[in-house]
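Down below are the structures I want you to see.
Two complexes are shown next, each including chain A; its partner changes from chain B in the first to chain C in the second.
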Partner chain A sequence: MAQPTVEFDRSLLGKDFPAGSFTITKEQVLAYCRIIGETNPLYLDEQEARRRGHPALLAPPLMCPLFARDLDRPQVKLNFGRMRMHAGQALESFHPIYAGDTITASVHLADVYTKTGRSGTMVFIVWETVFVNQQGERVAVSRDSHMVRE
Partner chain B sequence: MERYFEDVDLGDLIGPVERVATDAQVLDFCKVWGMAASNRFTSREVAQREGFPDAIVPGIMGMAFLAELVTRWSPSLELKKLDVIFRQLVPHNRLLKLHGVVTDKDEEMGLLEADVYLDLSDGDRMVTGKAVFSLPHREG
Partner chain C sequence: MVSPLSSWQGKLPLVTRGGIQAGAALGPLTKHVTQEQVQRYAEASGDHNPIHLDAEFAARTPYGRRVAHGMLTLAFVSELLMQAFGRAWAESGKLRVRFKGAVVPGQRVTVSGRVRRVQAGPEGTTVECAVSVHADDGSEVLAGEAWVTTR
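== the complex of A and B ==
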């Protein structure tokens, strides 16, 4: 069955946009760990992290996409629906992230597609975000998918 | 407990771990996240205005629980990739069961793959995912 066509700013597709930067603080790492129930000493004890060869307290890998919601993303200008929800997320880690790192992100609109089911038509917006640390090392890539429905 | 690549086999279970995302934890999570205090995750009124039945647990918080499920399996485990699908809205203040199973072992790349799940205690599956991770080798 052919999917309905939805209107959005197609010029965004595949283009990279600078999305801003953020610094991950030790306090944020410890607060995140407390809430999630993290027990790994590499995320909780800076001395233990250093003893095991790290230059500082490690940050859990999920902290990059956690801060991605505050980044500047271009408006998709989707002319559809009112109810939005997070449909899925993928995170690939390439390099450790440490407390004190300043992470710079760039985003691109990877895909916009529709699906129609029993509950009607849904539009999926897929963003890919690349995170680079202050040394220019690519630390992670996140791909998050948001569903919009009528 | 330290685990080594050589000791892991397909079908090995990860977890289970139980968690409850209380109202207070979700609020604290939103503060770390930099979200305004009143939003679909912390306020029933805001959630209902946006079409949800009640305040919900942020998807990224459920994903964080699953990441922790995997990284707690062994202190030297490195989580390389986590890919999740949010199948249903996760409610506050309910017992959540997190668990996984090893599904693939790539001897050449030294990588392990596991299916991971976040279920309600009655068995309803809320979040599913796939994790790729590495463990140290015994010889080195």
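== the complex of A and C ==
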């Protein structure tokens, strides 16, 4: 079967874009934990977190990629597909993230590739986002892969 | 409501118990996913993809009905790793997963892991784990790996 021609803005590949910043508040950490049912005291009990040597509540590591959704990403301008699903996720943490941290993100389009299987053609779009805290420390890198199909 | 601390008792992280070995089991952790939770997750995350929220739209997709956000399912994996490794997970954890199937709200999912390898290095001991999430029909909806380095 011939691969369909998939067009997108190739000039985006590998180019870094500032994606804005966000502050993770204590209320957001508590609300996030409530929604997912997370019960670890390091996320929920500030006194306990301080007692164990942390300056504030720890934020669950996945809050960074979650908040990154609202940041500005350039348009891929893909001429394909209607349905989009999150296909894969990678995350590397380098430094703890605390409630009250202001995180600045930069994003780049890491890869776009096509796979054709029994159910038709799928296009995968992979974004990589680097998160830096207010002290200039790189706290995490997230790589998310989205599948687009007809 | 059960206090978070009372439900925590007795679950000491693997690392404080020492002696992590290949083959050690993480979890399992059982979570019940509801449409209300998916709704609230959509609001908190800003991910309003109709496949999670709009029953009519979702009926026309290959899934045939609304499904939970992959990141919500992944949050349960992070919860399991935090239980197993404590602060080391939040400070130095890495993971890589594939979303293999849909979690349909109303389902219970089982989150589990297994230590694959324990390796000493200059920065500490790195524990490599396989992680997975199964829906209650037995299908694997998420699979991947995680790494945690403890000093």
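Just so we're on the same page, the second predicted complex is superposed on the first by the 145 of 150 C-alpha atoms of A that agree within 3 Å, B and C clash if a C-alpha of one lies under 4 Å from a C-alpha of the other, contacts with A are read in each partner's own complex, and residues count from 1 in each chain.
In the analysis below, a residue touches a chain if its C-beta (ideal position, glycine included) is under 8 Å from a C-beta of that chain, and two chains touch if they have at least 3 such contacts.
A quick note: this is a predicted structure, and the numbers were derived from the prediction, not measured.
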item: Clash-or-fit label for the pair chain B, chain C on chain A; value: clash
item: Touched chain A residues, chain B compared with chain C; value: C
item: Touching partner for A:S93 - first (chain B), second (chain C), both, neither; value: both
item: Chain B versus chain C as contact partner of A:E128, first or second or both or neither; value: neither
item: First, second, both or neither for A:D9, with chain B first and chain C second; value: neither
item: Touching both chain C and chain B, counted on chain A across the two superposed complexes; value: 28, 31-32, 35-42, 60-62, 65-66, 69-70, 83-93
item: List of chain A residues in touch with chain B within their complex; value: 28, 31-32, 34-42, 60-62, 65-67, 69-70, 82-93
item: In the complex, chain C residues that touch chain A; value: 4-5, 7-8, 31, 37, 40-41, 44-47, 49, 51, 61-62, 69-72, 74-76, 78-79, 82-83, 86-87, 89-99
item: Residues of chain A that touch chain C when the two form their complex; value: 28, 31-32, 35-45, 48, 52, 54, 58-62, 65-66, 69-70, 83-97, 119
item: Complex interface listing, chain B residues touching chain A; value: 17, 19, 25, 28-29, 31-35, 50-51, 58-61, 63-65, 67-68, 71-72, 75, 78-86, 89
